[in-house]
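Have a look at this one.
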Amino acid sequence: MAVTTAAPGVGVWGAIWQGITRSTSGFVGLCLVLSVLLFSFVGPLLIETDNPTDVTKIWGPMTSEHWLGTNHEGKDTFIQLVLGGREPIWVGLTAALITVAIAVVLGSLAGYLRGRVDHFLLQLTDITMTIPFIVLMLVIASFYRAASPLMVSLIIGLVTWPYLMRSIRAQVLTLKEREFIEAARLQDLGTARIVFVEVLPNMAGYIFINFIIAITNAIYAVVGMYLLGLLPSTAANWGLMIQQAWDNNAFLLPQAAPFLVAPMVMIMLFQIGLVTMTRSLEQALNPRLRDR
Amino acid sequence: AGGDRASSGATRFTGVFDYDLDSQTRNVHVEDGALLLNSVYKDLFLCTGGIYNWRTHEWDYLLLEGTEWDGDNLIVTLRSGLRWSDGTDLTSDDMIQSYAMRVLEAPVWGVGFPQVQELEQLDAVSVRLGFDDPFPNIERSIIKHRIVSKTTYADFGERAVQMVADGVRQGDDEHTEFNAEFIEFNPDEIICSGPYRFDPEQMSDARITLVRNEEGYQGTEVLFDEVVIHKGDNRQSALLVQQGEVDYSTLAPSAADQQAFQGVEGFTWIEHAGYDGCGLMFNYAAKPELQDVRVRKALAHILDSDTVGQVARGEGYTRVEHYAGLVDLQAEEIFTADELAGFERYDQDLDRAAELLEEAGWTKRDGVWHTSEGEPASYEIIGVAGWGDFELTSTQVEEAWNDFGITTTARNVPQDNPWGIWGAGDFEVAVRHWGNPEIPDYWGAFQMNFLLENSGTEESPGQSFDLNVESPSQGEVDLAELVEVAKQAETEEEQTEALKTMAIVFNELLPRIPIWTYKYLAPAVEGVRVQSFDKEHPAANNEQYQDNHVILSLIQGDLAPVEE
Amino acid sequence: MATEIAASPPPGAGDATSARTDAPAPPLRRIWNHYAVVKVRKALVVVFVVANVTFFLGRAMPGDPIDVMAGRLTQNGMTMEEARAVAMNSLAYDVDAPLHQQWWDFLVGLVTFDMGNTINRPGVSVMDAIGAYLPWTLFSIGVGTVIAVALGLALGMVMAYRRNQFLDHVLSVAASVLGAVPNYLIAMVLVVGGGMYLGWFNPIELRGTVSPGVQAGFNLEFIGDAFFHASLPILTYVLAIIGTWMLVMKASTTEVLSEDYVTVARARGLRDRRIAVAYVGRNAVLPLVAQIAISFGTLVGGAIFVEQVLVYKGVGGLLLDAVNYRDYPLLQGLLIIITSCVVAANLVADMLYSRLDPRIRD
Amino acid sequence: MTDHPAAPAAGKAPAGGPAEGALLSVRGVDVGYRTGRRTRVTAVRDVSFDLYPGQSMALVGESGCGKTTLGLGLLRLLPRTGVVSSGEILFRRKDGRLVDVRTLAREDLRRFRWNEAAMVFQGAMNAFNPVLRIEDHFLDTFRAHEGGRRRPRKEILEQSADLLTTVRLDPARVLGSFPHELSGGMRQRALIALALALKPQLLILDEPTTALDILTQRSIVERLAELRDELRFAMVFITHDLGLAAELADRVGTMYAGRMIETGTTRDIFYRARHPYTSALINSVPPVAGDLTVPQSLPGGPPSLTALPPGCSFAPRCAHAVDACSHTRPTLDVLRTRTEGLSHAAACLRTHELLEGATRD
Amino acid sequence: MREAAPPVLSLKGVHQVFGTPRGDVPAVAGVDLEVRPGQVLCLVGESGCGKTTSARMAAGLAAPTAGSVLFRGRDVAAMDKHERSVFRRAVQYIHQDPYASLNPVRTVYSTVSAGLRRHKMVKDRHEARRAVTELLERVDLTPAEDYLDKYPHQMSGGQRQRVAVARALAMNPEVIIADESTSMLDVSIRVSLLNTLGKLRDELGVSFLFITHDLAVAKYFAWDGEIAVMYLGKVVEHGPTPQVVNDPRHPYTRALVSAVCEPDPDLARTKERVRLRSADIPDLTDLPPGCDFHPRCPLYAQGACDTLRPPLVPSHDRLLACHVVTGE
């Protein structure tokens, strides 16, 4: 679905900003995302992060000392919650960056150059797309016995690019035929400049939207991989919390439930925030979706 | 639906196990991977010769009448009048075929069947096994061997008997050929010898109902009409217990489950002894400073087994007292109390740890310990993702060492092949089992502690622990040789002597650090379907998967249903 | 990841025909180049490549089935040699067979549709193992997709017709929320919230695929029972993708509603229902047909999570096992079959699309 | 969709009742669009005219001055955001009843459309549902308007074939085709045939030939003229192309920034235009016949609807504007009275002063 | 025909065939055209007759499948990199749709100056702004400063089209190819843009290949130049504008001229119309034998018309391709 920027006189980023902030849902989404980010990145600076094991408090209830109770190690759940957002969010961001970078570069190459390159890349996407991506991830993940967050992002990024690559290619194909690109060619502006200065900025909104979608997908994937126990656990992290809580049947104990529910809620809030943001962005940037 | 009471008024015993109806084989001879044969309920439908009592070292015979040594020959005799669930007689034909198939596939370095030279059917109920050079306890694996039906296996069985007679053994071409066929063999049903049998009508991927096998051993004696086995892994089984659906489960409950169970009506714990535990294994090649025994002792002194144990297992652990390489239960059997008093203990003692480290030339600067080389000490300790107790043990050790000033990072490796990683020595410190639940003979623990993951070969160096050690009290000792002696010496005394030496050496040198011992807490429900469980059962010290005493009492008709 | 739906272009978009075709083709050549045949050919190539990728991918994983099984055995104290011997005895895997030999066998098997036996479940053929699991996955996903798509399309249309009204706002928020929550979290919330805390259903009763004693067959009892047991996975799939479908359909309908032919249809005084169905609905659904297949494909992947969480017997668990135990034939078989299903779904969608849209019929 | 009957015009009194014998009496119609949550623009303001049976009226003007909006408003076909906010659209139905289209109930409105008044759209390329065959469009249309009895398919198709023949299309080929298989000209003609299917009294054509090529345009124009002679329907004819207006219309209305600023017979407008905008429009078209004539350009563009100048909206571009023009809004004054809505009227303060300069006889 | 300076740009027997699933489409089938310095050559014809395709080949945007395009006598296909870039810049193209021909994310300044900066025709930003200001003034966008920082969507169609012209002018072109550049504009604006283009032609001596289907526009803009009438990929009549428009000879041209709706009600009613035998244009993939126009031609006579393709030959002071008219 083609997205063209059409907000008056504010450029691409202005349009994106307006798209998010002008609509109620977009604004709420932005607020959600920002609060989760604040919670996870500023929060650790504000609280006592030392969270020692305390066997006398295993699965303790919610008290004024332990707002969300304690976990199976007698550690404070709230502190874990505050510390646990950084990794999945980082993985999400970097994986999304990788996905988008690969997709944009390959997509515009394929779309602009056509020919053999295009053919090959398309076939490649066909293949990567048909193997369900979780499966591919499963297999790749088993290569690495101690995957770092960066490695995880890389895996996710390497597996998820084809969808976006295809739609970017399709957009480049149509944009390429657009008359202003032809005009640029007539001015002899050079291929690189045409692709990166004339073509890509026209998709900035679209790419941005997909970047956000890619973040949600990456977070979905990491947390899922934790849940399946595919990722070696390292630091405190929401995915791991859910997995531990789930494996320990934490929900059987009312006082243990926050250990499962709290990270689930955080992830859902973040995802919902991102998704509502993209929805209102799409609404704003795609004139065809606007009410006529 | 799940746990509906049978309207017919049939009495039921319910259990839970993670089976897989469709893809598990019915080739019960292979045991590993066959339907329900990894569960404790296996003896209910396919009995072994007997149940070993780990405390008294005596046998409660099931299918067997008994065994008898006649020089190098072992005469194994079946009870008479046994029948298979398909109505055929269970005789020495079945027995010799089952033995022959096992003899064929037994690798030379095993104990029991590999040493069998001859098989001879003596009469309708007995078979003679001719040994070369028997040693005490060699008969154990023969008695435990599960006899399978000749109706199912006759083809293979007869061939096997012939091949054994011809001297064919594992690894020979004939056997390879035989085995290739055998592996592919997948009969449709399991013919049972125990008090229960499968009912094809009542098998689904959520539960299997075993029904009374009138023909089978104790078929008319057992007090429950049916045994229902729900499908469930550790997590699911806890849910089932929590719902009161399961009478007895041997799957590990987590600490949260343990707390949650308290609310279940009629809930009780059945405790099974543990013969292994969790500890630390070092890679001496990767971290040479650990070759200094003082450092190892110091590292042990930093840890509080109770904290680690409780976090990792809730109530399901016992702390290590003797550090003998054997679980305390076994150590107390072979040593006297006095002897044990002389054993060094490695309970948490931070001062002692610091002292030991300083003795070893370590220094503490800016709160960080530096090795005698002057390098800041740092360790990566690996647990296994998905193995909850391992994960938690590794993070607890990480926390304790870090607090003490030794930089440690815990990291979990995927659960699909940690053995590969351990064997390859691809670690610095690993959370690993110590002791051995598989082999009731004490040597098993040392074979595990010293030999496993210590092959010393290039591609699998493992711990790189030199087995020729210098013990302060025992002098130079070849541990590999001692394991052999403990296993195969002619007399029990010799075996015990070797064991004792190894235990003392283990205690002195601490090649691994035992942290806690398993205590298996099996959740059970009394008063709903089962009247009560016998807490003082004479076989209560048995290892639960091999010689389960609850199942034994069920078979023996001692476990009674609730009276309506 | 259902969200990817939004990002994929409809089939054929942007592919302007510019290449010159050759001179009039002979009949055989024409069939060879026929739209449908080309699609099938491409699909076969994809399956073939995927098959080979899985072959090598699998074998590139560290450790082989013997190692893994032996490792498991040594856990209980067997020596490594002993364990390896036992493992070799009980697994149908020949460690010594050179890779190219294995590959050749694999290729032959592929062509003859014989994927051999599983390694870890001796005597069980790959096809049987898959055959026991895949139908349940396909059943639950298929039903889930059908319900979600049908409901999503209907609700999406309602939202588009009532856009910017209260109902639209409510549904949009609901759809965004649902679309944002990963399927496994939905499954967890269902089990914990609905089953444990609210007690709407007994998750224990729902376990498994059919109740014991119910015989497979085309009878009401079996079908009812199968639906009963699959209700949680189906509900999860429905909830997981319906949000996206609602939003996609809303967008698509909104676009169609502003098309001239809809205004003209109104001008022609057609009845509202006729316009909604034949003019708006049909055209709004068209570009989404291909996405049904994509969504089906992503669900197959997501099934691994969901089946794991809900303990539903499907390929998810089998696949995890195959990876964990390095059961190469099973892994290969699964991946090939799963990809074939996805490819087939795509193919069907393509064909369907070309049936539904006269503009690309040729 | 704004199918709900609007409340009877409030506030503004409609300028007089329906004219006697008129088919369509438009009285003070305003059409607005909602553009944001609280913002709206008025795209058509205070338009009134009477159309008599058989008349053909052209609406001309620059892009964006509200021609299409007015056309859609007459049939209440505006998009969701659009609404006829005031005025009356009185229509004399085939049964002689006079109704206000604005207040027709849903089902009534549906039956009114196409049966009484049909519309051929701007860019008819997309007027057909791409997934239905042409014959289905005919079937749908007939079926939607038939009374209780269900006409057999065959009968409808025969009638459709006849209709297609009247616009010089080959029914055998066209009926079974999908829209994309027809050329633009064919589609446009098929749409005209479809528009005439129920013998409406009024045909609204919104730029029916703009996207077509000149020869096709010519044939459509001729067909339309002939059909109108034959079937006697009235036409409202919206176009950019003054040539087309000159050829097909009896009378012309010039629109500028949402208002009707001049109306009169075709000859009034082309030879005696009294509004500077109308003259400028006409003068900017170069003719083909004759020697080279230099057309005059009309610089600039129409004002934005959200920022209309207070006085005459054309004043900023008008060569003849005086001070008064920028604050006094001229009314549509009748200059020469004729019956049947053919009066010449213009909305310009200086109509009388400029009389000489602006004519071209 | 007036003899003049050698042509800057010429098409020699160019063909363009598109392969499509339905068959080959000979969009242009052997066209010869010459654009002379400072002159206007106007290409008219029905929709789909190959005007755009010819223009694109002339601009080097597409390579002919046969024939050649010559720039200052050099075959474009044989040019080296440098020559080609000179050609690229010397021949500029103005598209039909002012809404699509400007990059929506770039300002006017950025659009117009891109080429200047790329080809180092200005030294710095300051100079670039000045140059752009001059260009904008040249195309009557005044005051130029107001427009420099505007985005396309902030301007009307006419203004955008002027920006497109300014962008073309920035390259100092010798030839401007204008493909229906005025057809999307309102009548009122069309004339002023035509006047602006006329000014460039007269003051800067730029040559035009001017494409339109509006004969009135063609007549006005190319009064001093020539008109070539195309039909189904071939030129059927080619000559000086006044002759062709005022005295069309080819039946197709006549039909075109007579089909025009005159903005004059009396004339419209009295004007004599050529009646075609068929309103529909044949399908390019399935052309009739003989003269392409014969199925619609009012002058159709049995004989050569449906068997022989008429060549384009000089006749009646122009070039004509019609058996009937040339045979008179």
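For clarity, chains are labelled A, B, C, D and E in written order, and residue numbers in each chain start from 1.
Convention: contacts are C-beta pairs under 8 Å (C-beta built on N, C-alpha and C of every residue); 3 or more make two chains touch, one makes a residue touch a chain.
The structure presented is a predicted model; accordingly, all values stated were derived computationally and were not measured.
A.B. asks: By the touch criterion stated at the start, how many steps lie between subunit B and subunit E on the shortest route?
C.D. replies: 2
A.B. asks: Relative to subunit E, which chain's C-alpha centre is the most remote?
C.D. replies: B
A.B. asks: Identify the chain pair with more contacting C-beta pairs: D-E or A-C.
C.D. replies: Contact tally favours A-C.
A.B. asks: In whole angstrom, how far does the Cα centroid of subunit C sit from the Cα centroid of subunit E?
C.D. replies: About 53 Å separates the centre of subunit C from that of subunit E.
A.B. asks: Centroid from C-alpha atoms only, then distance subunit B to subunit C, rounded to Å. What do you get?
C.D. replies: Once rounded, the distance between the two centres reads 40 Å.
A.B. asks: Residues touching two or more other chains, restricted to subunit E: which are they?
C.D. replies: Within subunit E, no residue touches at least two other chains.
A.B. asks: When you check subunit D against every other chain, which residues touch at least two of them?
C.D. replies: In subunit D, residues 79-80 touch at least two other chains, as defined above.
A.B. asks: Using the touch rule from the top of the page, what residues of subunit A touch 2 or more other chains?
C.D. replies: Correct list: 142, 145, 246, 252, 291-292.
A.B. asks: What residues on subunit A touch subunit C, complex-wise?
C.D. replies: Against subunit C, the touching part of subunit A is residues 1, 25, 111, 123, 126-127, 129-135, 138-140, 142-143, 145, 160, 163-164, 166-167, 169-171, 173-174, 177, 210, 213, 216-217, 220, 223-224, 227-228, 242, 246, 251-252, 257, 260, 264, 267-268, 271-272, 274-276, 279, 282, 288-289, 291-292.
A.B. asks: Give every residue of subunit C touching subunit A within the complex, in rising order.
C.D. replies: Residues in contact with subunit A: 1, 3-4, 6-9, 13-16, 42, 45-47, 49-50, 53-54, 57-58, 60-62, 163-164, 172-173, 176-177, 179-182, 184-185, 188-189, 192, 196, 247, 251, 254-255, 258, 294, 297-298, 300-302, 304-305, 308-309, 319-320, 323-324, 331, 335, 338-339, 342-343, 346.
A.B. asks: Write out the stretch or stretches of subunit B touching subunit A in their complex.
C.D. replies: Spelled out, the residues of subunit B in touch with subunit A are 234-235, 238-239, 242, 254-257, 259-260, 306-307, 310-311, 314, 382, 385-386, 388, 391-392, 395-396, 399, 409-416, 421, 426.
A.B. asks: What residues on subunit B touch subunit C, complex-wise?
C.D. replies: The contact residues of subunit B facing subunit C are 1-3, 22-25, 27, 30, 32-33, 105, 107, 109-110, 170, 179-180, 183-186, 201-209, 230-232, 236, 239-240, 243, 245, 276, 415-420, 422-423, 433, 436-439, 444-445, 447-448, 451-453, 455, 460.
A.B. asks: Sort out for me which residues of subunit E touch subunit A in the complex.
C.D. replies: Per the touch definition, subunit E meets subunit A at residues 59, 61, 85, 88-89, 91-93, 95-97, 100-106, 114-115, 118-119, 150-151, 153-154, 164, 167-168, 170-171.
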